[in-house]
């Protein structure tokens, strides 16, 4: 699991008085920084790899200015060229939003998707969603 | 169908050289302006009604700075308190993204969802997605 | 003078109930699109030219969601490598903000500023701020 | 002095390959959080106080994705109803931007500016820019 803490900004609120819904995709993308880094370890961003193809975002509770937010990111599926992430956003103890994001490992120069390299798959597996369940099972023993 | 034209901004691009994926939810929300206006015709936004509960966004093609974008919005389902929108984003002739957004008619004061008023339902029906298909059929006759 | 119309977005408001102050630099930059186009007419943005070096922004009145905004942009000074713009933002009849932006014609490859080409200077002169005053004087005759 | 660390987001970059200039006002505002908190300690944001009236922002160096940014904020002048802040943005050892922001203590209900309360002035004085110089002098002794 990857985890980051985000301090909401005034500019991320809206006239309804809460965090605007369009802020959440920005935060979820920010939380994927360590995954982007896996695909571009040398920080050569002209060779950017991870292109989003689908997001499914459920807004469960309003989020407010004045209190930090935690985002946790797991890997839910690794395909040959694609990757499905599962993300949870908490403010305090409250689960406020759940997101799934499908990415493809894309070569911008050739405009073709490419296999995810084995060493990256191996690293991603350490953040697999099922691991959490297993861990919970282990906690019971 | 509701339709708006958006001119991409430099600040909406990213280092990959295209429009950043987090810009699309902003544009799709901007395209819903006439629907928000239906629910808040007197522009009293302290009494804001439409709260998003889920979005499903498919990114089909990269979008670039330098060429206008068209967003078309249809109503796909009207429930008692909720509303499902279907949205298409074109740049030139290319369909670049498809979004579904589920909204609920929410009373922020009571923190309860409320039935969508009949006069709004009637107006929304004029923008129903099926109508387009029917219209296409009629065009054939 | 360059002029564009902008429809405020919900995501550009904040919890105070008005347009957030950080939205204005975004809008002013959007209004400079025709000037950027002068420097990059072939839309090859890897060769981007105009780099901002200073902005001075006065917020005169609150701006609200629900009503279009007009931004007018003039050229106030053309140096050898730099350019000073003067920008006014209106909502209805009200002048809500005034901005000055200093840009330099920068070569990102060499990391050096370059002289503004004569054909661009000539074009920019047609949008000079003093012209307006002269035009006003002419209107009196 | 107030200090915060910001991790740049992909969505804050632009097609030139660096952080877009419109991102900086967002970051500088985020850095003023503790000052906003002084004026709204009970987090009742319907009673928001601090309204920006002018910003003067100098862009000294390009800022890039992939490395944290530090923003330091000082109080430079306290008037009866207004406040002038001085802000520096560093990436690594490099000073990348300097901003001044003038705020007024504004009552949105009455639409009038109000005197800054003495207990807030006292607190703000602890973050005065001159103090830094004095401290430097003291360090020499």
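Each chain carries a letter (A, B, C and D) given by its place in the written order, and its residues are counted from 1.
Here is the rule we go by: a residue touches a chain if its C-beta (ideal position, glycine included) is under 8 Å from a C-beta of that chain, and two chains touch if they have at least 3 such contacts.
What you see is a predicted model, and the numbers here were worked out from it, not measured in a lab.
Visitor: C-D or B-C: which has the larger count of contacting C-beta pairs?
Guide: Ranking C-D and B-C by C-beta contacts puts C-D first.
Visitor: Please identify the chain with the largest separation between its CA centroid and the CA centroid of subunit C.
Guide: Relative to subunit C, the chain with the farthest C-alpha centre is A.
Visitor: Just give me the whole-number Å value for how far the CA centre of subunit C lies from that of subunit D.
Guide: Once rounded, the distance between the two centres reads 24 Å.
Visitor: So how far apart, in whole Å, are subunit B and subunit C when each is placed at the average of its C-alpha atoms?
Guide: 30
Visitor: Among the residues of subunit B, pick out those that touch two or more other chains and give their numbers.
Guide: Expected reply: 10-11, 15, 17, 22, 26, 29, 45, 65.
Visitor: Across the complex, what residues on subunit B touch subunit A?
Guide: Contact set of subunit B toward subunit A: 15-17, 21-22, 25-26, 29, 45, 48, 51-59, 108.
Visitor: In the complex of these two chains, what residues of subunit C are touching subunit A?
Guide: Those in contact with subunit A are residues 10-11, 13-15, 17-18, 20, 22-23, 65.
Visitor: Which part of subunit C faces subunit B closely enough to touch in the complex?
Guide: So the residues of subunit C touching subunit B come out as 7, 9-11, 17, 26, 29-30, 33, 36, 43, 45-46, 65-66.
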